[in-house]
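By written order: A, B, C and D. Residues from 1 in each chain.
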Amino acid sequence: MLNEQMKRDLIEIRRDLHRHPEQGFLEMRTASLVTAELLRLGFGVRTGLDVMEPDAVMGKPTDAETAAHFKWAKENGAVPETVDWFKDGYTGIAADWKTGRPGPVTVFRVDMDALPILESEDAGHVPQSEGFRSVNDGSMHACGHDAHTSIGLGLARLIAEKADQLAGTVRILFQPAEEGTRGARSMAEAGVVDDADFFIATHVGTGVPHRTFLAASNGFLATSKIDVTFKGIASHAGAKPEEGRNALLAAANAAINLHAISRHSGGSTRVNVGELHAGSGRNVIAAHASMKIETRGENSEVNAYVKEQAERIIRGAADMYGVRYDFRTVGEAIDCKCSEELARRLADSAGKSDYVDEVMLADHASAGSEDATYFMDRVIRHGGQATYCIAGTDLAAGHHNERFDINEETMFSAVDVLFRAALDLNGRA
Amino acid sequence: MLNEQMKRDLIEIRRDLHRHPEQGFLEMRTASLVTAELLRLGFGVRTGLDVMEPDAVMGKPTDAETAAHFKWAKENGAVPETVDWFKDGYTGIAADWKTGRPGPVTVFRVDMDALPILESEDAGHVPQSEGFRSVNDGSMHACGHDAHTSIGLGLARLIAEKADQLAGTVRILFQPAEEGTRGARSMAEAGVVDDADFFIATHVGTGVPHRTFLAASNGFLATSKIDVTFKGIASHAGAKPEEGRNALLAAANAAINLHAISRHSGGSTRVNVGELHAGSGRNVIAAHASMKIETRGENSEVNAYVKEQAERIIRGAADMYGVRYDFRTVGEAIDCKCSEELARRLADSAGKSDYVDEVMLADHASAGSEDATYFMDRVIRHGGQATYCIAGTDLAAGHHNERFDINEETMFSAVDVLFRAALDLNGRA
Amino acid sequence: MLNEQMKRDLIEIRRDLHRHPEQGFLEMRTASLVTAELLRLGFGVRTGLDVMEPDAVMGKPTDAETAAHFKWAKENGAVPETVDWFKDGYTGIAADWKTGRPGPVTVFRVDMDALPILESEDAGHVPQSEGFRSVNDGSMHACGHDAHTSIGLGLARLIAEKADQLAGTVRILFQPAEEGTRGARSMAEAGVVDDADFFIATHVGTGVPHRTFLAASNGFLATSKIDVTFKGIASHAGAKPEEGRNALLAAANAAINLHAISRHSGGSTRVNVGELHAGSGRNVIAAHASMKIETRGENSEVNAYVKEQAERIIRGAADMYGVRYDFRTVGEAIDCKCSEELARRLADSAGKSDYVDEVMLADHASAGSEDATYFMDRVIRHGGQATYCIAGTDLAAGHHNERFDINEETMFSAVDVLFRAALDLNGRA
Amino acid sequence: MLNEQMKRDLIEIRRDLHRHPEQGFLEMRTASLVTAELLRLGFGVRTGLDVMEPDAVMGKPTDAETAAHFKWAKENGAVPETVDWFKDGYTGIAADWKTGRPGPVTVFRVDMDALPILESEDAGHVPQSEGFRSVNDGSMHACGHDAHTSIGLGLARLIAEKADQLAGTVRILFQPAEEGTRGARSMAEAGVVDDADFFIATHVGTGVPHRTFLAASNGFLATSKIDVTFKGIASHAGAKPEEGRNALLAAANAAINLHAISRHSGGSTRVNVGELHAGSGRNVIAAHASMKIETRGENSEVNAYVKEQAERIIRGAADMYGVRYDFRTVGEAIDCKCSEELARRLADSAGKSDYVDEVMLADHASAGSEDATYFMDRVIRHGGQATYCIAGTDLAAGHHNERFDINEETMFSAVDVLFRAALDLNGRA
């Protein structure tokens, strides 16, 4: 269904986005381009706090970081007419194509954010040799979200072009801050999928081979990302040790006991204190400590158990040393199982695509964490169907690697399959 | 001032007490004998809750232990007429000799309790070879309190016999439960020294040579003895580990962090978790843990600091593991400095005794802990003077050793010096 | 196949064993009775170190405990002619019935030991009301091993009686010390199943309903039972704290960090410090500590990982405090999967029994740990087939409960099914 | 003894040094100036590895830092003829004035290094308002070593000018890296005081009032400054936690247990983990951790005890988590008591100075740590006498404060008193 112009455009857009990666809640340039294109195509577009519940936003950069990046975005090609809508970092977008004909509401979701990785300058790294390596040093599209955003725009163009074949409503969500599982909950809680009959989230790669399409990727782990700080009182360790309140020791105790949280008979769990930084000088009782923590669970219940124990341990450790603490959830995702019927219909659509050689219905391997699960859970609880699909690709290096790169033809298969699914789900009678 | 009969009696009494040692708050047989003798001599005697504030009693045995020992006491020579007064374990005694003549109130204090030690059966151990080894297996007078009680009775007899040389009031306190520093506070808080102009506590030994008398033993460490229990929830460690609340881990964390309590610039401190017992089976999440803790401080302020930190650590550790805790002070003593003037007068009296070759005014060496400090502190705060003296002796083995024994002649010097002090302080004008 | 006399005898034997329970490596009375009966029937009997590798014996009682129990056994009905063979506590028995006809070697295994539980005196507890409650206070057959031993003897009798229908060799193992998974390895390593073509272990109950027979109970967890002691140096906590080497703190650190052993991606794990005992007095630096530890793993590899980490943690904790440690494996079991073909044949035999209403082929639920897995692993590695079967019963209370009791008719079904299996596997051509 | 020119020069030199502060082992510009002046005056000068034992150098900057600073020094006024001698950071200097006449060897010691402090730009801060604030941002003479170096040069000038009044040898040591107690030991071990009959170290301020001179500052604490790193193995905390070796947990355990090092009956101790940094990402098992540790002791023996325990704890913690560790002493000082006779003679000299109103013989207050103690200890052990004196001053703010400043007249008193001492000790007969 894709003509040569579309293919060239998909590659051009993806390379432009790859060259200008923006991390979570900073996708201002990206969102300005996406919004401008959606408006051009005739979509009804809602953005920012219209589609994001601010209380459910997790792990947002500071105001200073947000302001600094806004300046960068404006200086690096953001669309002037739309970029202001995103200056506060609420970068979510929901684009509706309402046919006016009765029919279901189908929601597609892609994500837009990049990772805090310094991209490789290796000559063999295609973005380097082809001239679209990141110009935003320290940020990189190393997980394919540049392709995801491009796929969303390609799908939007097909919908607009072939709108007369469709009924009901087709919606595309451009989500911020999937990395760290920070952005989806705020959009889900704003209600953007509450009327959905069908929901399809899409990812490229993740080990699925090129020209293979997986209709239902189950097995995502529930997870919580937690930042903890301890604040004590400094004092001279030689002269007045008793006047200090030792945040370093509170953190050290918390770290050890977090790892000692009991196993759970209800499923596998994980807990990690990945970073601990404390203290300001050799001879000073440390007044400050911070930790970066991650919990995971085979299901949401066991992850919730670990998180609850974690907070109790941190509170207890703070109390032991008479220090104050702050426990902040900066990312979270739940587990979710794909709807079998929708997965089958999506697999059928994939089977008809010229860009797909092999279709897999469902995979139950544990596959990390994803906050699209918030959308899926909400759709299913409201009576709809949801699935999470993977368009296979050739990976130059693993996800989150500084030499990550994809086969760009994967975008063609994804756009093709997703539009076929739209026709199937929302086809005009 | 002691005739031969007195000497023989002192030895006989001491050997009888040594043979029938009774631990703290169980000195029922001892108190019955003491009371009977004091009444015989004509002292005004108050006992039990008349001279003990029950809320300030620390580390009292259980009711069952108390009842069992009362039975033992009655079967082992307690005086039937007086023993019932002590059946609930409130074994303190205050004996007043009121001359009716105006004059100061002078208080002497001795203690009565034994230690939880199995006395040696070694042939070279004099109590064994002379037939007065403990018949109360597992209890032993290994700190000389048998001699102290005898000294108190000897002093009482001289006071009664030579009452016409005295003015004012002379009081003798027979204190329970000095071991573990448990008994003095209850008597002090009952007010038994609130009217005292002079207060003199007496100990034998402690490294002071035989026929040497030390008028003021300073340097006692403030101390707290604390029993802690943690109560969690048991569960099967394999099947349902998440349902447990782990008291063993709470205790383990508390123990380590108690030892990590900060040093204090205001003086030396000590903290020790001497015992930790937790759990009931290899495959059960431990629901119970207990610890025996001791803190010490060069002064009461730094000991209070350590104790306060200790409770916070224990509360925090309990909270970390979601278990309840009980923090019980089962013994406590403060520091105190002897009154210089009283020490000088007591030293003068000692200098006149035939049983003393050398008099030392004051010693500042750290000498463990003593709850007579509660009396001393109270007397001094009420405007009186107080001191803690040592009658030197030959020790067969160190205090609290299973082969501890003294030179019995030390009792003669103590009685002689203390009565000379009474004559000095309360002599009839 | 069981006549009324056999049924009466099974009940009588079981009640006698129930009344005289003996814990692991102390099954002297039991073994003396078993051996005497096997010899009477004409079995070839090997015992003790002929069928146990002493280096692989785990968690054996002390020599003093062994000697004391031997005295008890002789005074409580042990068979004088055979009991001496077991006086050192090597209580394993292997009984061979060699037909002299060519055919396979089939091994049945039962266990003999009791648990350290004080049996209920509740009137509703059948052993109490029927007069066969334990006379060995503190020991109890609360897991059905009394029935297992009886089943073994019943099976032996049928084999002897119907020997002309059999070919090859039928062996019955009476294993000591299954509780704590201590006894099987020593027999396996002595080679008692190395020639086995078929191996069948049997248990009653475990939640399988009465008159139901489960041919293959998979899912046993690998486990290690570990006793650790730390030996430090005592010193006075106030006077010379620096001279101590604190075993209590070494143990506390070990306990916490044992629980913090990393999860394993290869399967579920467990670790528990069930007991920790340390120290001898409040004011003494603790010179001694002990811990009872249990690890489990979904498979032997992950259990081995946990055990290896555990030893490293204990060594490190000991080193931190300058104390010595002893790490002793006092029980161990591996995982093992039943042979499908043998399970099917056993299920067929069960299907023919009048005492069985329902047959289940295999169950994969995790079912605790079992050291019969050592036999199974060895048989399968030598090319044989092995399974672990369950004869269902009505349980008065759960396994290891003080009111545990079974429906004695379960013994009939077990003997019947096992003998049918013997006929199937070793039937004369 | 000081003329106006000398006073102007002292101030000028001090302000130049203040404006160009150089941290420990980087005093290249300073040393080049000092050396040039000493050579000009006619001293015999030894530098670098001639007066420093490289194995005893502690806490030296990296080669890269050293090279970078050397560049800075050359660009900021170092004396070209002498600066090359110091390019590797061995910046110690020993300057001998040998009179050729028989007499004692007297050694004076000053230090040269600055602190890692950003100097105040406050208008009220004299170096700011007078234009000699640090031009080496992040480094500051906030402890008076600029004055010390100036005093050393002033003393050198007087010695050269009045050499005919002297006998024996007068030596002046210009020590690097006193901050962090890093530099003295290397000079002491190189033998620069082994022939000394008298040794006098000098400091300004430390709370002693202006125009007061303290001849013997006792009470320095023994101390060790230790940097520890742990190196483990990173792995993905969700996917393969068992493959990691957790350096963060090793460090956390070490930190807690370092604080739990037992108190010592031989004197007060301190231990502090002032900084702990570990890990590189939330979902990565931390492969790296570092800690900055400081121990102190009332005397060298108890500090050595704490340090020895510290290394054992760190080794044990590393072993617990299977990680490697590096334990590096980056600074160290011992305690030392001043020689009474030398202190008295120095006090006498001070009493004759017009710049001194009050002389104090000795002070026993604890006064932090000082590595001049290595020189003192060595001199005294070789049979000489040593003392550490303080020239009082008005402090604008405390030592190590960003607004630290002195009364420059203190330099006059110090030079005057020290030269008077030289005349006393080495006066021509």
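As a convention for this text, a contact is a pair of C-beta atoms (placed from the backbone, for glycine too) under 8 Å apart; a residue touches a chain by one contact, two chains touch by 3 or more.
None of these values were measured; they are calculated from a predicted model.
Enquirer: Counting C-beta pairs in contact, which comes out ahead: A-B or A-C?
Expert: Between A-C and A-B, the larger count of C-beta pairs in contact belongs to A-B.
Enquirer: Hey, which chain ends up farthest from chain A, C-alpha centres compared?
Expert: B
Enquirer: At what distance in angstrom does the C-alpha mean of chain C lie from that of chain A?
Expert: Those two chain centres are 52 Å apart.
Enquirer: What whole-number Å value describes the gap between the mean CA coordinates of chain A and chain B?
Expert: Spacing between the chain centres: roughly 69 Å.
Enquirer: Which residues belonging to chain B are in contact with no fewer than two other chains?
Expert: In chain B, the residues touching two or more other chains are 241, 246, 249, 253, 256-257, 259-260, 262-263, 270, 285.
Enquirer: Would you pull the chain B residues touching chain C in the complex into a rising list?
Expert: For this pair, the touching residues of chain B are 221, 223, 225, 237-238, 241, 246, 248-249, 251-253, 255-256, 259, 270, 272-286, 289, 292-294, 296, 368-369.
Enquirer: Touching residues of chain C toward chain A in the complex: what are they?
Expert: On the chain C side, the touching residues are 256-257, 259-260, 262-263, 268-270.
Enquirer: Considering the complex alone, what residue numbers of chain A touch chain B?
Expert: Those residues of chain A that touch chain B are 239-242, 244, 246, 249, 253, 257, 260, 262-266, 285, 305, 312-313, 315-322.
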